[in-house]
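A, B, C and D are the chain letters, set down in written order, and residue numbers restart from 1 in every chain.
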Amino acid sequence: MAKIRVTVWGENLHEQSSESVKKVYPKGMHQCIADGLNEASDIKAITATLQQQEHGLTEKALANTDVLTWWGHIAHDQVKDEIVDRVQKRVLEGMGLIALHASFHSKIFRRLMGTTCNLGCWRITGEKERLWVCQPAHPIAKGIDRFIEIPHTEMYGEPFGIPVPEEQIFITWFEGGEVFRSGNVWRRGNGRIFYFEPGHETFPIYFQEEVKLVLKNAVRYVCQQSIWKDTIPMMITPEMTLEKLGKK
Amino acid sequence: MAKIRVTVWGENLHEQSSESVKKVYPKGMHQCIADGLNEASDIKAITATLQQQEHGLTEKALANTDVLTWWGHIAHDQVKDEIVDRVQKRVLEGMGLIALHASFHSKIFRRLMGTTCNLGCWRITGEKERLWVCQPAHPIAKGIDRFIEIPHTEMYGEPFGIPVPEEQIFITWFEGGEVFRSGNVWRRGNGRIFYFEPGHETFPIYFQEEVKLVLKNAVRYVCQQSIWKDTIPMMITPEMTLEKLGKK
Amino acid sequence: MAKIRVTVWGENLHEQSSESVKKVYPKGMHQCIADGLNEASDIKAITATLQQQEHGLTEKALANTDVLTWWGHIAHDQVKDEIVDRVQKRVLEGMGLIALHASFHSKIFRRLMGTTCNLGCWRITGEKERLWVCQPAHPIAKGIDRFIEIPHTEMYGEPFGIPVPEEQIFITWFEGGEVFRSGNVWRRGNGRIFYFEPGHETFPIYFQEEVKLVLKNAVRYVCQQSIWKDTIPMMITPEMTLEKLGKK
Amino acid sequence: MAKIRVTVWGENLHEQSSESVKKVYPKGMHQCIADGLNEASDIKAITATLQQQEHGLTEKALANTDVLTWWGHIAHDQVKDEIVDRVQKRVLEGMGLIALHASFHSKIFRRLMGTTCNLGCWRITGEKERLWVCQPAHPIAKGIDRFIEIPHTEMYGEPFGIPVPEEQIFITWFEGGEVFRSGNVWRRGNGRIFYFEPGHETFPIYFQEEVKLVLKNAVRYVCQQSIWKDTIPMMITPEMTLEKLGKK
């Protein structure tokens, strides 16, 4: 079977401007995420970044992507609308999308949700986080034992301004007193979308084994290589008459 | 109790350019819909159209609207993006939205759904349509006896490119052989959205008693006058510290 | 408008056998809950208990109930199946149901969910709980400011073996490190169901103002006085022929 | 990879008592369904019937079943409650369930839905049915071109007394004027459930190629061979203390 083709998109700004981030992610967060995915024999992950031509998301690049992961934070507005249109079109055609951490506020995630996707609150104190598994047999939670504990993290708190998730995989407990729907699945068109909350740039979260495992699982879950091209819902011309549809 | 303030928005183009439409809706479709709603003692409906300044949807107009109904068809692209932004913001704040007929392809409906909202097919032959009630006790179906029959209508066929409805009120049977999810509810932010399929411009559908009844019911259902203003999910500054949240 | 008729059902066993519970709830938990509801001018709450004839839930009693609240814990098995059948029938006809605390394992709640409704874990150490509001504008959260804090409570932990909630109102943070979907809405037949987690018998939780407020809000939300009797889905005999349905 | 182990359960009464049914399904409907599934190289289907010891659904038989298909009609009441308990337990553990045709009223399907599962109406006149695809890229619709047409069928009409489907694959158009949600997916516990409407005993529907294809697709979709046994949500003893859960 062909490998799942993943494009790991990164904003790639903190890594350039901040020494402390560079220290945690010397090759960039995108490369770290891609490296983790490439540990799996059924996945082939490459990277793309904001700074590249068309943000690295050309028509051709997306046509060859089964699953796109997205990490953005301080430059959501710099992502060109035409690229967002293009990505949305591909998701609706069946490409999987994994929105990571601060990408709750990315143009593409908000576009697909239709809502503000605002948080109730946030806080960066390096506190502890526990992602509890709500659906233990879900493919995305495969291999996770009751919860994932992240020793130092950024807090995101409810209310999270999203449509009610179609599948609730993880809910997070924060040491400081908040909760967050941290692993959620929705379907849009032919595509599946997974939002996953962990991943602040100053902590080595994407090096953590359980986080890498969830990302591999999620890639497999939102990937739908089998989607046949001619089934995308489309406007059909009025020439499709009663007779053509077999009216008696 | 204060009346529900409805703004009935109409594209108002067919009525100007087509003699046959003008004959069916001499005062315009928007006025016909508003007249029907105003039969109810708890509703106060006014109209707004594409041609007005800011399409009649100024900040002030929307601030004074509890429920917006939308009818558009051939000029979706002429609706300015800034007005769509404004309407979306108000829906997420809690204003109800009723998208009618060809508004499945309006900017505002697609914006809130996140999908193509494409149809599988359509056909205009004046055939018969039956909207079957799927949730007989739903407030939107109140007073409807099993189904609504519309003698002459335009056909819209599945697949309808929407996220799976959160509430399924009506499904339509078409004489020519198709089906359509014709009465669907979703929640987005604080707002409720109802899509209702009937309403082709060349047939007197908005004069039909059952259709008028459904629209009154739907206005009451998506209206949420009680929403208190300060509860809109919002980004809170990081100053909301552990201490402020009452950490032990 | 007629008052909402609520029947507050209580297992009424801890109150009889435990001095410490009797001290917290001298009139019984059911009476405390009913008293809280009766503070509202639009609600008329009475009580019924396990020990009564037919558990106090006769055909007549249920026919005169708009909303039933349920509190059970150690005697789920003593509830007769025929009474569970009767309550289920009434919920499907449109009676609202509020399942409280340990009633996650009651026969009636499991019957309506179709699942185990098991918890992942529990613990009684009198720790603190915070119920975070996930849908700030939801009628059930009306008047609640971001979260409810309960100083001493029993812990219930995810995974909670329920179908994915149709509306997610509250998620709880526990001091000891767990989370729980503590305020959830589902629809079954014509009825609405609200599960609300707080309410351990050894703590005065049902005397807390915010808890009383949520229960009043919830009664109003799951109540659907307007349901017209003849709309309950039913099997219709085959005599309903093509002709009767208006076949052309 | 191991084959998917399917048990095709049949009531097997019409086939014994009715000459006309025997003529259509000389080997029984269950055998016909199993034969269709066994055309697929990744599926191994066997049969079980009402008349067998424990209805052919012993603990061992179910332990060796990945997907159970169910066809019942006139003898739902003869299925023993203890067997229904056992099947429900297995579905919640992760066994897939496909409920066929009149099994909308089977004990097991109603048990998992929590509702009446009543129909609005039915009719047997041998009319035509079209199952329209609502989610063209869904794995269950793979290989189906817009709709399946069944030349002679029994009519089932809305309202269908089910919880709102989590995935809507097919909606049926009937020649006589009704619609029906004829292909629906729900999740319960670890299991997936697919209801599929076609299959009246007097018509050779289970010999039709598209119907056989949908059943094969559905078996693959509701099958979750990968479910690891120790993740089933369960009650954990209070000995799981704060310390054990890693409380700081």
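As a working rule, a residue touches a chain if its C-beta (ideal position, glycine included) is under 8 Å from a C-beta of that chain, and two chains touch if they have at least 3 such contacts.
Since the model is a prediction, treat every value here as computed from it, not as a measurement.
Peer 1: Spelling it out: a chain qualifies if it touches chain A and also touches chain B; which chains qualify?
Peer 2: Looking at chain B and chain A together, the chains touching each of them are C, D.
Peer 1: Nearest whole angstrom, what separates the Cα centre of chain A from the Cα centre of chain D?
Peer 2: Their C-alpha centroids are separated by 33 Å.
Peer 1: Roughly how many whole angstrom separate the Cα centroids of chain A and chain C?
Peer 2: Inter-chain centre distance comes to 36 Å.
Peer 1: Quick check on chain C: which residues sit in contact with 2+ other chains?
Peer 2: 120, 135-136, 159-160, 164, 166-167, 177-178, 187, 189, 233, 246
Peer 1: Chain touch graph shape: choose line, ring, star, complete or other and state it.
Peer 2: Shape = complete; every chain linked to every other.
Peer 1: Which residues, counting only chain A, touch chain D once they are in their complex?
Peer 2: Chain A residues touching chain D: 94, 128, 136-137, 139, 141-142, 149, 166-167, 175, 187, 189-190, 224, 226-228, 231-233, 246, 248.
Peer 1: Provide the residue numbers of chain C that touch chain D in the complex, in ascending order.
Peer 2: 88, 92, 111-116, 118-125, 159-161, 163-164, 166, 176-178, 186-189, 233-236, 238, 240-242, 245-247
Peer 1: In the complex of these two chains, what residues of chain B are touching chain D?
Peer 2: 120, 130, 132-136, 146, 157-160, 164-168, 171-174, 177-179, 181
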